[in-house]
Amino acid sequence: MKTVIETKKLSKWYGNVLGLSDVSLQIEAGITGILGPNGAGKSTFLKLITGQIKPNIGSCTIEGQKIRNNYHFYSKIGFCPEQDSFYEEMTGWQFMTGLLKLHHYSPSEIKAMTKEALEIVELTEDKDRVIKSYSRGMRQRLKFAQAIAHKPEIIVFDEPLNGLDPLGRRKIIRLIKSYEEEGKTILVSSHVLPEIEAMTKQIILIHQGKVFAQGDIHYIRDLIDTHPHIVSIKCRNPRQLASTFIQEDYVLNIHFGSADNTLLIETNNRDKFFSLLPSLFVKYNIEVDEITSPDDNLQAVFDYLVEK
Amino acid sequence: MNKITVRRLLFLWNSIRKVYSFFFFMGKKSNKTKIFFIVALLPVIMALIIKLNPIFSGRSSTEGIYIFSNVIIVFYLQALILLLALFFGTSVCSEEVEGKTLTYLTTRPVSKSAIILGKYAAYTSLVILMTGIGVTISFLILNVNKLHDFSLYEILIRDVIVLSLGIMCYTALFTFVGTFLKKSILFGFVFGFGWENVIQYFPGSTQRFSIVHYLKSLLPVPKTGRFSFLMFKLEPSTPVAAVFMLFLITGIFLGLACLFFSLKDYIFED
Amino acid sequence: MTIKEKGYAHWDGEFLDKKFPWWPITRYGIKLTFRRKQFKFIFPLSLLPAVFFLAGIYVSERLEDFPFFGRETVEFLQINPSYFKAYLASSFMIFLIVIIVIFCGSGLICDDLKHNALQLYFSRPIKKKDYFFGKTAVIVFFLFILTLVPGLVFFIMKLVFSGSFKFFVSYPWLPLSIIGYSVVVTAFFSFFTLFLSSLSKNRRYVTILIFGTYILSDIFYRIFYDIFSNHYFSLLSLRANLQQVGAVFFSQKTPYPIHWIYSLLVLSGICVLAGFVLKKKVKGVEIVK
Amino acid sequence: MSIEVKDIHFSYGKIKALEGITLDLSQDAIGLLGPNGAGKSTLIRILLGFLCPDKGEGRILDYDIKQQQSFIRRYVGYMPEDDCFIPELDAVSFTSYLGELSGMPRQEAMKRAHEALFYVGLEESRYRKVETYSGGMKQRLKLAQAIVHDPKLMFLDEPTSGLDPQGRNEILELIVDISSKKGIQVLISSHILPDIELTCSYVVILNKGKLAAQGEISKLKEIRDLYEIKIKGESEGFLQKLRDIKCRVEKMEEGLLKVYLPPDQDKQEIFRIAAEKNVQMRHFVKSESSLEDLFAKVVGVD
């Protein structure tokens, strides 16, 4: 796929506080999740690639063009900032139309676009209330609306799901996914794993101002496959099951969990392990309650990389 | 001029207009503007009292236009427009950074200069409007019995123009200050109520380093005597030079403000 | 052997029923004000006049050593209540107070509003009046250093320098005047500042309001006075009102030939209004309708 | 009991925020659940006495919420939802300052402030100015100031909002520690269901200002023969086979399958099919209808 955003040795510090250090990467169309703990440099990265701040070292281009002070380009970009701030004395409607005006649309276009955007985030009913009186969720949605109203090709969301309830969150996730289908390039930052997992497999892990990994979640998993994998099995007779595994060379470690019916098995060949599993259950008639991989989610990748 | 330059300028102009309308509208609605509007209308109350007093006290009143030129206008010139320009000028940039709303503007297809110039224009016209309304009402009240005398309107128009020039110039200065100083207000006080006043006592060309000098050069030289505390010694420049200088100062500060705003990183913090 | 338990530990102390629950607010308020760079610079400067006046008191005992002083200076250096008034109620002093108040007072409530800190205060056993009292005391502290303390020091130093109680015998009520006047000025500015500080979340705006109100009120008076030659317009000016009251405290002729009680009424009127607004503005939660 | 309110009504002007809330809670950890704008924060603010209810009465720790607020506030810790702090103070001063305002002696407050900051994991940065803190640190700081005076009851309003997973887990662990072992009662308002599931045994669900449901979480959840599985390999044959034995299969996001087993089938059958079709079984969990389903059902949106 075509590279949309490209950064080279991007570094940024505030005074003597490090913001981002030596980030070189390429981002393609589709949804890319930017993941990292609080203060990792996610916001700095997003601000740098949207040209809001200038890097101390390095450069950043979108579609081959430099972005800072290249304001024409912003018609293609939507940005949803992290901070919960607005022109509080305006109504939602005025806020939206006012910002859309800056895109040089005609009044009728602006009206239509605002209407559509507010409909999407379900703020139509409250459009004439002042923003000051909006609840947390409404504010978050309004922020979302101003980022998508002008139908940009590249949308950057900085923590878009903060402060939303599960239902609101589900809606926003669905929306963001729908933009992917339209072939847009979307960057979403978050520190909450399930949120990103629900949206995309393409992730960039940022921690301590550095990019720790970029790529498919599974690709990253493979990358660290040297790291042994733990599978937890809850069953009626764990010791019997354990005895069948003890001969296998791909099993590194067998561990009995704190509850007496759990078995923790560490393996370095998951494919072999998992393909054998069902037949073993059938063969020894082991009644299984649960099979889980405690570290087979983004969290584990994350913890692993951060600790490394 | 080649075509590209023309197109760029046209685009800049359009951007400025858009930013202008956004902030003019917002400024109009803001509560702070309302308070400052009341401040700008204080001279109206003053005019009313002056006008009504002779009716109750039975004493003959002073000439309306005399009061207007020597009190109301000078009051605006030396105090009110400074305060208004100080607040609105520093607001142009500080407001966005303090309120963390800058992001909404800088991620739009308008240049940073357009943001500064548009917002500056919006706030300047708001202040001019507020002041203009205040001045006009005061004028009408003070000259209520002479409204047929058209020569008076010339004075009104001249004074409003001078005040507008002043607002334009001061707001530009404070806009610039707001883009690069955090404690812009303190600087504003020192400049507006310290420097601008003190420097008028200095002889020779020193006073040409103040803005108020050029503004006063555009007004008729007052007779010494009453109200002298409001007017200081003046060695006027010619009107043409004064207007030129005012525009020059405005231009320079706006240019600097745009430059700073385009180059500086604004980091939001509490 | 006892091993310290992991995790949360209870506090085994006792709550105090503090007589002055507002005191921490004041202490921290003062501490924070002193941390400001500009304030560190300006505050010592604002004490310079006091040093000059103190020097004056010293000189007044040694007038024979300064034969080159003109008659006016010598007259001025006759230490009497008017000397105290000249320090405490001068226009310059009041201007200084405004400047200091801008530094120490403009952010007192407005910063709390800006950072939603009121709910932190009011989720503690702090009553509204404790909060106000604590904040007021910050302003009181600084203004007393500027007014009450120098006043009393002048008085004591005069006694020390002269080595006799003659001065005290001639003006036994003077310490009371100093205290009384300082309290009035301080109380007024406390109300005035807190009131304006509670109006906005924006410190820049509050600063302009404080300064603007002071300057404009004075200009107003002067303009009206020039037009009407009516001394009652002095009631418009904060400065003039304070000076009127000050003159009374030091039993001097009032600078404006109107009765001082009007000035006192104006000042207390502003205080009452301020108190009223403050009570409405400061709440645990901001309610937007 | 410790939280007791009767028929609380409250409205912001025309907008009704709470309509007739009656609660009687004495559990260790109580979750207050509801979508944005359900009235959770309003309820907490009423309990703290910030707002006076239009109608109704209540008692906290046996103190009346209208008359004895200063007693309530002494024994209650409150962690507000919004970002809030006092600028220019470092974290230790900030925390001990608020401790002092609670009525602790000055030296004790300082001691406790250090303890509290250690406890919430801010020991390294406790001398830093509060305004330089990141969002996650501010959240911890808010928790620290809520426990500094060793309250008997704590109101935590959205304690995990804006936290990264690590920070979130740590805060939740702290909350569990406080509520389960130390005899401090905790009321947590949140819209994040896993947070509540992890920390609380009892839940109160609010929706549009009304009490939608309340009860023990374990009892509120229904248990069905529903399994979540994840497979790797040729899935079509496997799924077809499952359908043949009358299982209802739903494909979820991330390759997750929800399999409803008919009552007459044994779950062992699933493994048999898996073995037969040679697919890897990577994940197999019996699913209880989670709080999310309950929430969606009670709140009544999709």
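We call the chains A, B, C and D, going by the order they appear; numbering starts again at 1 in every chain.
FYI, contacts are C-beta pairs under 8 Å (C-beta built on N, C-alpha and C of every residue); 3 or more make two chains touch, one makes a residue touch a chain.
Keep in mind that what you see is a predicted model, and the values were worked out from it rather than measured.
Comparing the chain pairs A-D and B-C, the larger number of C-beta pairs in contact belongs to A-D.
The chain with its C-alpha centre at the largest distance from the centre of chain A is C. Mean C-alpha positions place chain A and chain D at a centre distance of 23 Å. Averaged C-alpha coordinates give centres for chain A and chain C that are 55 Å from one another.
Centre to centre, using the average C-alpha position, chain B and chain D are separated by 54 Å.
Chain geometry summary: the mean Cα position of chain B and that of chain C are 33 Å apart. The set of chain C residues touching two or more other chains comprises 115, 288-289. Multi-chain contact residues, meaning those touching two or more other chains, occur in chain D at positions 85, 87.
Within chain B, residues 270 each touch two or more of the remaining chains.
Chain B meets chain C in the complex at residues 32, 39, 42, 46, 49-50, 53, 62, 67, 71, 75, 78-80, 83, 86-87, 90-91, 94, 98, 183-186, 189, 193, 226-227, 229-230, 270. Listing the residues of chain C that touch chain B in their complex gives 38, 114-115, 200, 202, 204-205, 207-208, 211-212, 215-216, 219-220, 222-224, 226-228.
Interface of chain D with chain C (complex): residues 12-15, 45, 48-51, 70-71, 73-74, 76, 78, 80, 82-89, 93, 97-98, 100-106, 108, 112, 115, 119, 145, 147, 149-150, 174, 177-178, 181-182, 184. Within the complex formed with chain D, the chain C residues making contact are 7-11, 13, 15-18, 21, 24-25, 28, 32, 35, 111-112, 115-117, 119-127, 283-285, 287-289.
Contact residues of chain A toward chain D in the complex are 36-40, 135-138, 159, 162-168, 191-193, 197-198, 270-271, 274-275, 277-279, 281-282, 285, 287-293, 296, 299, 302-303.
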